[in-house]
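Below are two complexes that have chain A in common, paired first with chain B and then with chain C.
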Partner chain A sequence: MADEIRQAVRTHLLEDVLAGEDPSNLTDDMPLRTSGIIDSMGVIRLTGFLEQRFGIRVEAHETGVENTDTVDAIVSFVESKAD
Partner chain B sequence: MADTLVAMTDAAMRDHPDRVAVIDVDGTTTTHRELDRLANGFAATLHAHGVGPGDRVGVCRRKSAGTVAGLVGIMRAGAAYVPVDPSSPIARNRTIFDDCEVSAVLLDEDDLRVVSPGTSRIVADPDGVDGFEPGRDCVPEDLAYILYTSGSTGRPKGVCLEHRHATSFVQWCIRTFDASFEDRCSSHAPFHFDLSIMDLWMPLSTGGSVVLIGDSLARDPRSLPGFIAERGITNWYSVPSVLSLMAEHGRLPEHDHSSLRVVCFAGEVFPLPGLRRLRSLWPEPRFWNLYGPTETNVCTAHRLPDTIEDARTEPFPIGRPCDHCEVSIVDDRGAVVPDGVMGRIICRGAPVMRGYWGGESGGGGPGGADPFLEIDGLLWYDTGDLGAVDEAGDIVFHGRRDRMVKRHGYRIELGEIEAGLDAAEFLAEAAVFAVRDGGAVVIHAAVVPMEGEKASVIRLRGHAAGSLPSYMIPDRFHVLDRLPRTSTGKVDHPRLRLEAVG
Partner chain C sequence: MELSDDIIRLRQEIEDLARDRLAESGVDRDRDGAFWSHGWAACAEGGVLRLPVPEEDGGRGVGLLATIVAMESLGRMVDDLGLLFSINAHLWAGVIPIVRFGTEDQKHRWLPGLLDGSVIAGHGATESEAGSDVFAMRTTARRDGEDWILEGSKSFVANGPVADLLVVYATTDPDLGELGITGFLVPRDTPGLQCSEPLDKMGLRTSQTGAIVLEDCRVPGDAILGRPGGGAACFNCSMEWERGAILAMHVGRMERQLDEAVRFVKERRQFGRPIGSYQSVANRIVDMKMRIETARPLVRRIGMLKDDGRQAMLEAAIAKLHVSEAAVQSSLDAVQVMGSRGYLREGIVERDLRDALGARIYSGTNEMQRVMIARLLGLPSSLPERRPDGSA
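Then we have the complex of A and B:
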């Protein structure tokens, strides 16, 4: 399950905010929010994507940096919601 | 009729002292009487620092009741307020404060880097005091505020508005939206954005309440609907994109929005699908589409129908000229065009700015040219926008003549993004262009790395986030070996678009 989520999140990010980037440059522990790679609109699109793709409901207070700053954090967050 | 913002807010504080003036981000309330005392505290502190009539005072603070009191206090001291985005790169804010030579700045936390040495820094809120005697009363021709907008050369330009320009607009708002002391008006836009002029000065002139919306909440369409219900907001004003996102992601039917009376939007075109959805979820309030660049405040308005016909496919018009100004559509020679024919949107009258800071009429040193047209002896402000009058007599917006685009309601000169990218040590040059995708504007940047340097998208976004406000960061980066050029050496934009996006 984690691999499937990871792949989907990476594909979304590479298409949404990193179009043209070499996928190997997107490491799973790279800061995305604090570095400015994803802005607030990017978070809204990411949240919409996760809800639709994994059938989860994300509350507004859950979209902070702690759950969305790295691919690893996003994957753990989705896993915890899907349990 | 009171014709300065100082006189208008003074009157409300006198008539409605015990009503709530500001509901802070955290829900704390401040009455008009308390706001009056806080504003006096700021005015007295500024006065003690030598600030007086004709001066400018920078404001680099997050939204709070104290910040609102600071704005009132600056004007009471006779000065003009110059608000900037505290989350913008410090260098950009410093450029703005240096440009208009602020004599003091209001800050949340002390930071030496934000102003030149020797400029007074007033940190946090001074204690409130009972009265303040200005050296002289504020007059309608005094500068009230300077709002900086994106400039094509990479330097932001300061739009100078006098008290009389602001009050003619605020009085129009009060008449048009039947404003009263019972209103609770959203303050969604940041204070450096022109939507804040109605948000703040309409309710503070009528004894109503300003409901402050913090920075992170303002960008969270999932939490805003709950907030609107909880605060009992009666008047909402924002850019359309926020309303669209609320209609799409905000689960509006889960909330009680019966308090909403007026919904205004401005700053960009509201794409019809989102507007239709929002209207069906909010059938009760009056909806208004407002139009006007920062230089004129709002100059045209259109009240939307209660239901949007299924047959409608075009966005709504920007409407008719407001009754406190004149708006006309002219050709390149300044002659009024017939109905249905596209031309330049121009405006003159009470709400039109003095000029740009540094321009001929704005004041200060050498600077930007004034965008005024003289027609038959009268000066008109040329908005740079194109429009045409439709069969019903309403003006329909047809986009821009130049390289300016709008995103999330913000004006963006593509040249300013290019200047921000050019500052990167690893880039040789950059060219920026915008592509319309449905209702949205997608900003593309084509960059050429310096020899031996690699420009990955991650590196580019990281650099852009450090040098530009977030709304200016390009959506797509294209790394090229060189930029296509015309025979005269200019960037060949049509070819660039083809090479970059096909």
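Then we have the complex of A and C:
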């Protein structure tokens, strides 16, 4: 399950905020929000994608850095919501 | 869109409230820019302030769609849109953020008063140099032991001059941009907080809007709403709900304008015929009707999405943009078809036009709604893109 989530999140990020970027540059621990790659609008698109793709509901208070700053954090968050 | 029996009953209840306790024209209050405290109390006693709040938090838990339908009714029947604007600012900038992000202690301390109307919430986000670019705010929050020290100023604080509790956003680290924004709950009597007199606005004049100054304003650590750095999520949540519900009052007002305009053009005769028989007049009436029928489902859809636990930022931006523009154009049409009577302050549509123009600006200007819609459709930001190596 984690691998499926990871691949889907990576694909979304590479299409949405890193278009044209070499996929190998997107590492699982790379800061996304604290580096400015994803801003508040990007988070809204990301959570919208996660809700649609994985059938989860993301509350506003769950969209902070702790759940959205890295691919690893996003995967863990989705797994916790799917439990 | 079919409404449930519960929502239809609520709508009837709200219409009864409006008819029994809120049937004052308010022309004098509009001229004087005076807050309608009796109207506020009537709405509080009628349960309006409890509508969207979950039952476990002391509310009626009717959901956002039902609240939107209630706001449509109030917009249709209550002349004083400034009062309704104040209620919306109170609900979406004060009450809902506390419900969604507040601790149990904060809920216990503030919600009873906010829901019974004895405590009015104000919204301190905008600054003179940070309007559309709200996260560029300069108001700072500095840690001092267990406390925080707020320094800065806010402009266009909705409900500021009458607020008992201010929801103030400040940055704990300007270098972090939006990730440094933090919300604080600041009681009006906090030393170091000063509220200005009401600003002299063009419309929504009975809603009190002012400035606040924060000088060495010390608040305890438990005044933080959410967590440090979590203010952007809180603010965006607030705006998402607000953009849906606050525009509902304009949908109701457009319905009222249409009713009055139709009645007027059927009764008013020129050249021996009702003016409604002339195509140039009738076309305006038709356009007014079309705007209502396109605006209403947009705002109700936000309610349906939020009640289903889904995000509605895109839908809220679209509704905000469309409904506010429709409200302005329908007000212009109503003034035009009613001619000199529409131009008089003693009528409703002259005030409607001034009030509607505010809707293009508050809750994010319509220009910013277009920017948001484009971004939410995945179009690139106009700001420099960041790359994985940190370059822009």
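Convention: the second predicted complex is superposed on the first by the 83 of 83 C-alpha atoms of A that agree within 3 Å, B and C clash if a C-alpha of one lies under 4 Å from a C-alpha of the other, contacts with A are read in each partner's own complex, and residues count from 1 in each chain.
Criterion: a contact is a pair of C-beta atoms (placed from the backbone, for glycine too) under 8 Å apart; a residue touches a chain by one contact, two chains touch by 3 or more.
On a predicted model such as this, the values are computed, not experimentally measured, just so you know.
Once the two complexes are overlaid on the shared chain, A:30 sits against chain B and chain C alike.
In the superposed model, A:45 makes contact with chain C only, not with chain B. When the two structures are aligned on the shared chain, A:55 is found in touch with neither chain B nor chain C. Legend: residue contacts after superposition of the two complexes on their common chain; A:18 is shown touching both chain B and chain C. More residues of chain A lie in touch with C than with the remaining chain of the pair chain B and chain C. Shared contact residues of chain A, touching chain B in one structure and chain C in the other: 17-18, 21, 25-26, 30, 35-37, 39-41, 44, 47-48, 58-61, 63.
Residue ranges on chain A touching chain C, taken from their complex, read 16-18, 21, 25-27, 30, 33-37, 39-41, 44-45, 47-48, 51, 57-61, 63-65. Contact residues on chain C toward chain A in their complex (touch as defined above): 100-101, 135, 176-179, 226-227, 229-230, 232-234, 236-237, 240, 309-311, 313-314, 372, 375-376, 378, 381, 383, 385-390.
On the chain A side of its complex with chain B, the touching residues are 17-22, 25-26, 30, 35-37, 39-41, 44, 47-48, 58-61, 63.
The residues of chain B lying in touch with chain A in their complex are 216, 219-223, 245, 249, 408, 456-458, 461-462, 464-466, 470, 473, 475-479.
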